[in-house]
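As written, the chain order gives the labels A, B, C and D, with residue 1 at the start of each chain.
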């Protein structure tokens, strides 16, 4: 433990040791830290934050509040990072041309994960994606999966203006580059990591920071029991 | 297990065996079943139902959805039954006159749990309370705690019209009568049961039925990801 | 609510109303209650009970302890009832002969859910299965799915002595008979109920009784913090 | 978000912004990161890890496994850091002499939180405590709470050789120094932070790294359903 602090290790290095059971180069563990920071919060309106807030307002303890929010993380909330990594990896490794990949997904009725944004577009890119790409270009030995994702984006942008690469797509594809470019994982190990869903773990850990923050907010503000307005139910149900 | 079915045992009998480690008379286990039925649901707007619904709409499995709702149960949501039992027991056992009890609570700045309703009043009693009282009068050997709660209600009604006994107060006081009237528990055992909070367990079990129902509703209706409206946050924070 | 008690409704009727949104005949709701009783507990060594016990011994509240145990319920613990219903329904509806069904599963490398027991065998049947069958024969208008399951069992017993129908298989197949025999569900509704996994909900609700009981046990016994023995880890990892 | 990365912010800075709603100096946020690293894991035998492992072995998803472990964190597992901060703050602010504080606690029958170790002793100090102290001496403007804790330790060591300051005591007292020494919190804000239990949040976040790691381990090793040995129950119950 003392060596960790003496060598100037960061939180990313501890994640590396406990999850991957090896000491990854600093450019990798710093990338992990950047991902944690980028995913730490997204305001009080998303599913996870909302549940944590409702639980905190019911007077429950920190762990119950956090956990109630974490339980919303899955296929629809947070899960796109893992899916992006899985699909991009599969498409790239099978040598699919970007248009083959996109059209193949379309035929199966699956939206390409990691592509598309409600507000951002070709002329108004997501700054976080650009930051991640810039970091990877400067530090990663190879960004082949990321470049493949960019080619996919080029094709999807030819179809609609807002089909840009989003943060999920950037983290998903760059994580593949981290794993394969570091030379520290066998092909089988990489497959296992993607299959088990390590990136979901990264999102869960990151978002915990935000959920704990929302819980503390409610407790500081001494908010009373939440009760959803009846009018809303009459519309949605 | 076969004896349970052969003897016509019900869910209340199984609760009796697994929680109290003894076979209570049928009038007791039926009372437990009535409590479970009365607490099973309270619509989609309360904290627990809301969290379960949000989690189900995030595409998560049944257990995650249920659990996310259960975690809101505590001091402010569901907890009044246990508190009612604790305070009524303490006041009765110490021989406090109803006005001494109520005024003593007032001095400590604690609302009397089990008393007060937002809508019901002296002339518009809660039917569920009346049902529980009727059942107990017909079947319980003694309803001394309940009668004490009624005396407390008489005093509080002299102060405000809506300070009626509510369901929490009825269940809380009648459960004390169940424990002491059955003659199957020592004084120390009763204290332990009240201290540990068995009635919270009864509420948790009962409300699970409703939370699971809300989860199934969302899945059947194929509801999409919930997102809390921004306008609401601007008001509440 | 008052009608529920006046008509002598039980817990099964409330489940029926809140989950299925209709008032099922009493023989159906009583069957639901029997299932709840049969699944309420299975001792302190199974995953769910163990987690609840560890959490209670860490000094945590009832809800946290219960929830920690519930979270283990899924594909390997409790999930066989839903799987049995799904596979038996699919096989029966497609008109597969029992040997076709069993051999087809074998080819796919899937164990037939609802069949097989570690201790019970042809000459030492599970009493709970016999009780459920007896109840259904006496009260259900049709037990066609159950009879199909029995035919499957006859075939599997010809292969190995302990490939008997277990409780999961009995509940799974009889629930299909309940749904289709009651005449109160459309074909599409039945498919939805099986797909969503209502039987998992029944197991979750039932087992909550046991998990709450284990939590109360620990609190009554004032058990200290649990620490898993190191020696065990050295063997299993 | 881009400023965060451009300025070389770390995970501790994001925690600072989302929990404390202000940008603390780098020596503070780095201290937060060191705490996260020190508390990230403690092997597979503690309550939290054990529950996560059991849930993962039941085939459940990452979030369920993590959450099942987190729910054990509370008064007996992880809670000593908050308690240490609370008691040390109260004793120091009231001007109690170390022996008055320790003897007062003794009279109330409360162990001094943050003091005492099963293995470490006067001549075999905990390296992590020494590292934290060294870091604080080098970077903190004031370590008055820590120095008070050291005086308490001097007194307790005069009573028994293993009553040394442990990691909980070091983090608890140094966090008080961080809050009061930074000059960025009012006295009321500090009281609120200690009362709400921010340090519990830090432990929860940190330990999540370890719990996620244990979950990944089980999934990688494809461990089967856990079943606690019967012999053990016969002894403990």
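What we mean here is this: contacts are C-beta pairs under 8 Å (C-beta built on N, C-alpha and C of every residue); 3 or more make two chains touch, one makes a residue touch a chain.
Chain identities (UniProt): A, B, C, D = ATP citrate synthase.
What you see is a predicted model, and the numbers here were worked out from it, not measured in a lab.
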| item | value |
| --- | --- |
| Chain pair, B-C or B-D, that carries the greater number of C-beta contacts | B-C |
| Chain whose average C-alpha position is farthest from chain D's own | C |
| Whole-Å gap between the CA centroids of chain B and chain D | 36 |
| Distance between chain centroids, defined by C-alpha means - chain A, chain B (Å) | 41 |
| Inter-chain centre distance, chain B versus chain C - centres from mean C-alpha coordinates, in Å | 27 |
| In chain D, residues with contacts to at least two other chains | 61, 63-64, 67, 71, 73-74 |
| Chain-level touch network, classified as line, ring, star, complete or other | complete |
| Contacting residues of chain A [partner chain D, same complex] | 1-2, 4-5, 9-12, 14-15, 18-19, 33-34, 36-38, 40-41, 61-64, 66-67, 70-71, 73-74, 127-128, 131, 135, 192, 196-198, 200-201, 204-205, 208-210, 212-213, 215-216, 219-220 |
| Chain B residues within the chain A interface of the complex | 43-47, 50-51, 54-55, 57-60, 64-65, 67-68, 71-77, 217, 221, 223-230, 233, 236-237 |
| Chain A-facing residues of chain C, complex | 61, 63-64, 67 |
